[in-house]
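Dropping the structure in here first, questions after.
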Amino acid sequence: QDAIKQGGDIVITYKDDIATLDPAIGYDWVNWSMIKSLYSRLMDYTPGTPDLIPSLAETYEVSPDGLTYTFKLRKGVKFTNGREVVASDVKYSIERAVDPKTQGPGAGFFGAIKGFDAVTGGASTTLEGIATPDDSTVIFTLSRPDATFLHVLAINFASVVPKEAVEAAAGDFGKKPVGSGTFVLKEWTVGQRLVFERNPDYFVKDMPHIDKFTVEVGQEPLVALLRLQKGEVDIAGDGIPPAKFVEIKNSPEGADIIVDGAQLHTGYITLNTRVKPFDNVKVRQALNMAINKERITRILNGRATAANQPLPPLMPGYDKSFTGYAFDVEKAKALLAEAGFPDGFETILYSTNTDPQPRIAQAIQQDLAAVGVKAEVRALAQANVIAAGGTEGEAPMIWSGGMAWIADFPDPSNFYGPILGCAGAVQGGWNWSWYCNKDLDARAIAADSMSDPAKATERQAVWGKIFTDIMADAPWIPLTNERRVVAKSPRMGGSGDIYVDPTRVINYDAIFVKD
Amino acid sequence: MTFPTAAPTVLTVNKLCVDARTPEGLRRVLDDISFELKLGETLCIAGESGSGKSVTSLAIMGLLPKASLQIASGSIALEGRELSRLSNSAMRSVRGGDIAMVFQEPMTSLNPVMSIGAQLTEAIREHQGSQGNTAEAVALRMLDAVHITEPAKRLKQFPHELSGGMRQRVMIAMALSCRPKVLIADEPTTALDVTVQAQILKLMDELKREFGASIILITHDMGVVAQMADRVVIMQAGRIIEQGNALPVFNAPKERYTQDLLAAVPRLGAHAGTDGPPRVSPQIGEAPALDRAPVLTVRSLDVTYGKATGWLFGKKPPASAVSGVSFEILPGQTLGLVGESGSGKSTTGKAVLGLIPFTGDVVIDNCNIGGLSQRQMRPVRRSAQMIFQDPYASLDPRMAVGAAIAEPLIIHGLANKGERGDRVAELLRRVGLDPDAASRYPHEFSGGQRQRICIARALALNPKLIVADESVAALDVSVRARVLDLMLELQETLGLAYLLISHDMAVIERMSHNVAVMRSGRIVEMGSRRSVFESPRDAYTQALMAAVPIPDPALRHVA
Amino acid sequence: MIFLLMRRLVQTALILLGVAAITFLLLYALPADPARMIAGRSATAQTVANIRHELGLDQPLLAQFWAYLKGLTEGNLGRSYAQKTDVGALIAARLPATLILMAAGIFVEVLLGLFLGVIAAVRRGGPVDRFVMMASFVGVSAPQFVAALLLLYVFAVTLAWFPMSGFGTFAHVVLPATTLGILGAGWYARMVRSAMIDVLNQDYVRTARAKGLSSARIVFRHALPNALLPVIAMIGIDIGQFMSGVVVVEAVYGWPGIGQLAWQAIQQVDIPIIMGVTLVSALAIVLGNLVADVIAPLIDPRIRAR
Amino acid sequence: MRILKSMIRQPSALFGLAIVALVILMAIAAPLIAPYSPNEQMFDGLTLEGAPMPPSAQFLLGTDTLGRDLFSRLLFGARTSLVIGLVANGIAVTIGLLIGILSGYMRGLVGNALMRFTDLMMAFPALLLAIVLAALLRPSLWIVAMVIALVNWVQVARIVYTETRGLVERDFILAERSLGAGHVRILFHHILPHLMPTAIVWGTLGIATTVLLEATLSFLGIGVQPPTPSWGNIIFESQSYFQAAPWLVFIPGAVILLTALSFNLVGDALRDILDPTQRGRG
């Protein structure tokens, strides 16, 4: 391991433009880690791990019933506008994230806080469940126990922002961010680049390591990689396109350039349980045996491993011993015959239209054909696939690639509610299998009520069982767990984990320059 | 200036043969052409349309279209220097510098997007090496020399802003600006009215004296030949059939064709003292036309170009082309319409047939055509037809001639397929063309032949009225005489009425019962032929009469 | 002239109105729901409903359109759904880059097209002609992404004559403009060639030759201006054609224009941005045609007279 | 017959004709010629690292990124691409011709309305239309063809409009009117033939552009759906591999180029043959 060095300027590229740096609004993987670095929250994670640590909070206490959380704030933390961070800022920031006027996507995470419904329903503008008895104390009162609540306070939507700066920006806070994080936004040339400089007053010593990073947007990944090889770029944020991967991997400097790490990701095919013939569990099970996942990981140049359950291996609760459905064409055919489809059937497989998703869809299509299922591939723009998935009776099968679930925070519950629970099986929801098992839902609620930190391992086991049990009903075909590949220049130091941080994408706070 | 008795020879053409490439192989277009041009002399080349006059001049200039025409043998020498073998760049300095040319079509021979000044000065710069202001001064002097009004203003104008006569003057100025030794003028006045023609001929004569140039003048108008020529070359079918000094050729033509050519020349005043045109077929009795209803009545006709065209505020400043024109034509009679270029003759003709919007009354065959739609007009079209001024432009270049003549038959459903072929052949024969011509395309004919095709097309419907717009202007005299005879014969046999538009006073005199003289969109004088020709009242009419060339070199106007 | 200008202005306004109406209708016909795209995957139904309400998406289509038009008359293009910021500002920040790219692209294609078309016409039927026609086909059938990468690889990576990516200096614009111009140059070469062949057969070219002018002068001073008219008409059309090319080229060369903005907006169903870009590009097309109409009489005095 | 005969006389036209015939033949006989099924993703068609295979004896033109035989896909892709290049492009040119000619010929309200409609369509981003249609319709080859036709006619209409405007002013049209010819006859017998050169230029250049446009549409989800091959989507699927697997981009590119060029040679010859004023010229 290299010794950490302070200082250095680096250049990072992304294809997509940065939509916003407003923590209450930003919700895509590119701005996610930048927002993380611009602001601070009560809770955070140890870099490169899924381990929670207090951040803005100095200490915290959870009541035994799991309904009250009391935080003591660190003293002397300042926003970059110079004002000290106080308890009311925390309250304001969370209320702002929940307020319908903000149009933020993260409101739902705070559903357990008392008074949530009143705010989202428009009856009130303040959250009854947040109290600030003094400038350094925040007390949250929950309406139901929520074991993930500390994680919720660590996600971007819980970032603390100064009210006066929000108001001064007059609706443009996303372009003029003010926080108390590791970095400050120095320059933003729309469509071209953003320059972040270290916050000299950050409350953790020697954090961050680099002095400055420049994000260049609108950079085609292929070109970004060429520039990286020339030394113009330090991190190619979009990773290595398949067309280049083999070449780079086999090149002498390949090992230095490629960072390849596991992430909280599962790629899956949803089988719509409300559409014939997928309402028949035997059909769903049969298709689970029909897909040759080895070929798909080969198409992905080996940058993924085969999955057999919804949870990714890195997630607490993942069951290593579970084997799921093995690839077995004969058995699949037999099962289909048993279900009344000896000659297969015709169906439609949706996929997004960005490489390599249509190719994977075609690989799936070929495997399905081998058991007699003729699937028509529909490769559409992401928005259209999402729309089809959320419309009842519309999409029989969807390959989740490109929209797949990457966890917001490293807790198994994050993999259930919206995508497999009854709550998500509604018009416009994300449960594209339209799978609703009341029994499992009850078990999930029970598990999330086990908010006592002492019961954490027990809770994980409960969750793990939920996800393996769900496979009996086979609403999904879990396909792959993709690893994230980032390309960095040899001068960049640090372990792979901070470039493929499980809770951020790139941990700008932790990376450093070797020379 | 005095001429030595034996002037030196400037240009010698010796045994020149030119071939045309056709899909069927080479076709000889010029055969064994030899003649000489002496210093300070005017050589006129006359001959029927398609006889090779233009090709001869192009060959001298080295401008034969490479793709289709080539010199097969023979020589062209300028002051002893062989031109046909000169390199391209050497030929460039000859062109414009030593030999200049005025082309047959003044309308299209000037570049539409360059100012007159630019087009004039570039040749001067090219050949005299004079720069900027000097070149411009020369250009100005040249324009002055060709008697263009306001020459300084013209330099800045563009070709479309000038009338046909002015353009032709510009062409001449351009040709003479580098003081060439030889000036070739290919039908320089065909498209112009007589008064302008007279001015231009006079001008060329003046310039010849002034600049000491030799001139080759190509024309089919024997009147022009008589007025201008020192020597004459008569061509037929690609050969020279007769050449010699002007007076002997005119007085004692040796060849039969030359005799015909001269005999066919209409002479102004030849029909003095009669009311109608001469009868071609005496066996038919005189048709008393007077008590019959007019086949065409025009009352206070106004035509304005540039009406509102847009759907929102879009208006162009209107320009009145014809105003308050009234006349009528009885069946079997001819109204001759004369007037200077741009006076509105063609406009009147088109309006009468409802081809352009007009106000006023036009009654054809008892049917008022005002406001009729294209469909409603169709029956009327059978009784009234038009022969257009520009025969080439009025034929669809992508349609075989036979099909073009059959068009009216098909449109009006007059003949079935089999009959059509016969009818087309008959029509072609009638206008003096070989029925084989039916399968050829317009560009494969000479100007005169195309005009005959247009006449054949107009006749196909057996109309009662034909508007003939300069229909014989492009024809050489012998053919012209035949066509005029044909028109007269048709008038007698079919009772046709003509609105005959022409700038050729002799043609008007020969053909018309009544004559109308137009100027600036109005009729300035109208009456029976006899009254107009023998006692013109309007000053303009008198000027027209005086400008007509007389086809006898002995009676030249003194320039 | 004033009348003509007024008329064009009203026409332009009507065309833009039509474009706005069609685009609006089409976007609402899309099954994708912008509120859900914004809300993301963790949102509750209540959150989605709230967002929909805040965006005014729960109002009748006509009311929404009316509100949009009203905003337009005040010069307000609305707020982006995803970026929560003023669309006008977003477009204004990126438009200059795209305009520069387009202008440069048109310059390249016209220059290249004219050059190739003219030499092909002059050498009609010869090997040069055949080569040019072949090259124009290569240009027309080259996929732009590949063409862009190829140029980038040769001239920026291997030869390092130009920067690989970015915006700002003249060197930056060369490769993107060339990529954009290649396709058009193919079309122009063909158009110019046939127009030139036609013009070279005209009488006035013969007159020019009779004056003894050099072939260069005949071709460039006499023939070319006359052959230019159809080309100018094409330029107006081209601006519309460029839009899709711009998306690809901007992506490859990291060019900060509206192509990328539009592309992302389409992916996210960010309707105000799509509307804004559509209107701006429609305006550019109409203006392009206007410019073509203004240039034409400068070249051809006959049109001036009309 | 006359046309065919005169064509065979010109070497370049003969070459074009031969290639066109070959391509059409290959499209028809694809199942007989193709060594593999075009959609079969072969396990040995990819390297162990998942990279496509270069041309070899086993795979004549190499394989694509899913391990499918490129040669077989090109053969079958000819079917799609010919439909797009000929039918869709043909329809576009036809519509463009029709609307252009009508708006150029008709005066007054109808002509103006048609031209304003064309202006509107021109200002309207066609790609947007395609995207929406993609989302609304069930994609199929014929829908793609229709969309391409809808998108591409506009430019043709513009050019044809300008040309028609000029033609209408010509004297021979006036002459035709004086003969009593109806609008239909004038339009189709006298104006249309003069627009053939334009139509041929657009028709043949359009082949290449529409074949590529189809691929763009595929990418947006409205094109022919995977795994059906088309020349355009073969290129588009693998365009970023132009360095790693050049055969995937340049071979189909060359095929498109050659086909478009051949059609153009045939078109040029056809134009010269149909144009009597070109007779006897070089």
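In this document, chain identifiers A, B, C and D correspond to the written order of the chains, with residue numbering beginning at 1 in each.
In this section, a contact is a pair of C-beta atoms (placed from the backbone, for glycine too) under 8 Å apart; a residue touches a chain by one contact, two chains touch by 3 or more.
According to UniProt, the chain labels map to these proteins: B = Glutathione import ATP-binding protein GsiA; C, D = Peptide/nickel transport system permease protein.
These numbers come from a predicted model, not from an experiment.
**Student:** Quick one: most central chain, C-alpha centroids?
**Tutor:** C
**Student:** Measure off the straight-line distance from the CA centroid of subunit C to the CA centroid of subunit D, and report it in whole Å.
**Tutor:** 21
**Student:** With chain centres taken as the means of their Cα atoms, state the distance from subunit A to subunit C in Å.
**Tutor:** It comes to 38 Å between the two C-alpha centres.
**Student:** Which integer distance in Å separates the CA centroid of subunit A from that of subunit B?
**Tutor:** The separation of the two C-alpha centroids amounts to 87 Å.
**Student:** What is the distance in Å between the mean C-alpha positions of subunit A and subunit D?
**Tutor:** It comes to 44 Å between the two C-alpha centres.
**Student:** For subunit D, give me the residues that contact two or more of the other chains.
**Tutor:** Where subunit D meets two or more other chains at a single residue, that happens at 131, 135, 240, 243, 282.
**Student:** Which residues belonging to subunit C are in contact with no fewer than two other chains?
**Tutor:** 11, 30-32, 149, 153, 266
**Student:** Could you say which residues in subunit B touch two or more other chains, in rising order?
**Tutor:** As it turns out, subunit B has residues touching two or more other chains at 310.
**Student:** Could you please write down every pair of chains that are in touch?
**Tutor:** Touch list across chains, by label: A-C, A-D, B-C, B-D, C-D.
**Student:** Any idea which subunit A residues touch subunit C in the complex?
**Tutor:** Interface residues on subunit A, with respect to subunit C: 15-17, 19-20, 22, 25, 27, 100-101, 103, 105-109, 111, 117, 120-122, 171-172, 174-175, 189-192, 216, 218-220, 222-224, 226-227, 230, 232, 381-384, 386-388, 390-391, 405, 408, 418-419, 423, 426, 428-430.
**Student:** What part of subunit D is in contact with subunit C in the complex they form?
**Tutor:** 116, 119-120, 122-129, 131-132, 135-136, 154-155, 158-159, 162, 197, 201, 205, 208-209, 211-212, 215-216, 235-236, 239-240, 242-243, 249, 253, 256-257, 260-261, 264, 282
**Student:** So in the complex, the part of subunit A that touches subunit D is made up of which residues?
**Tutor:** Subunit A residues touching subunit D: 222, 241-244, 246-247, 249-250, 295, 298-302, 353, 355-356, 358-359, 361-363, 365-366, 376-381, 384.
**Student:** Which of the residues in subunit B come into contact with subunit C in the complex?
**Tutor:** Against subunit C, the touching part of subunit B is residues 61, 63, 91-97, 100-101, 103, 105, 108-115, 122-123, 126-127, 158, 160-161, 171, 174, 310, 312-316.
**Student:** Any idea which subunit B residues touch subunit D in the complex?
**Tutor:** 20-23, 66-68, 309-311, 350, 353, 355, 374-375, 377-378, 381-382, 385-386, 388, 390, 393-400, 407-408, 411-412, 441, 443-444, 454, 457, 461
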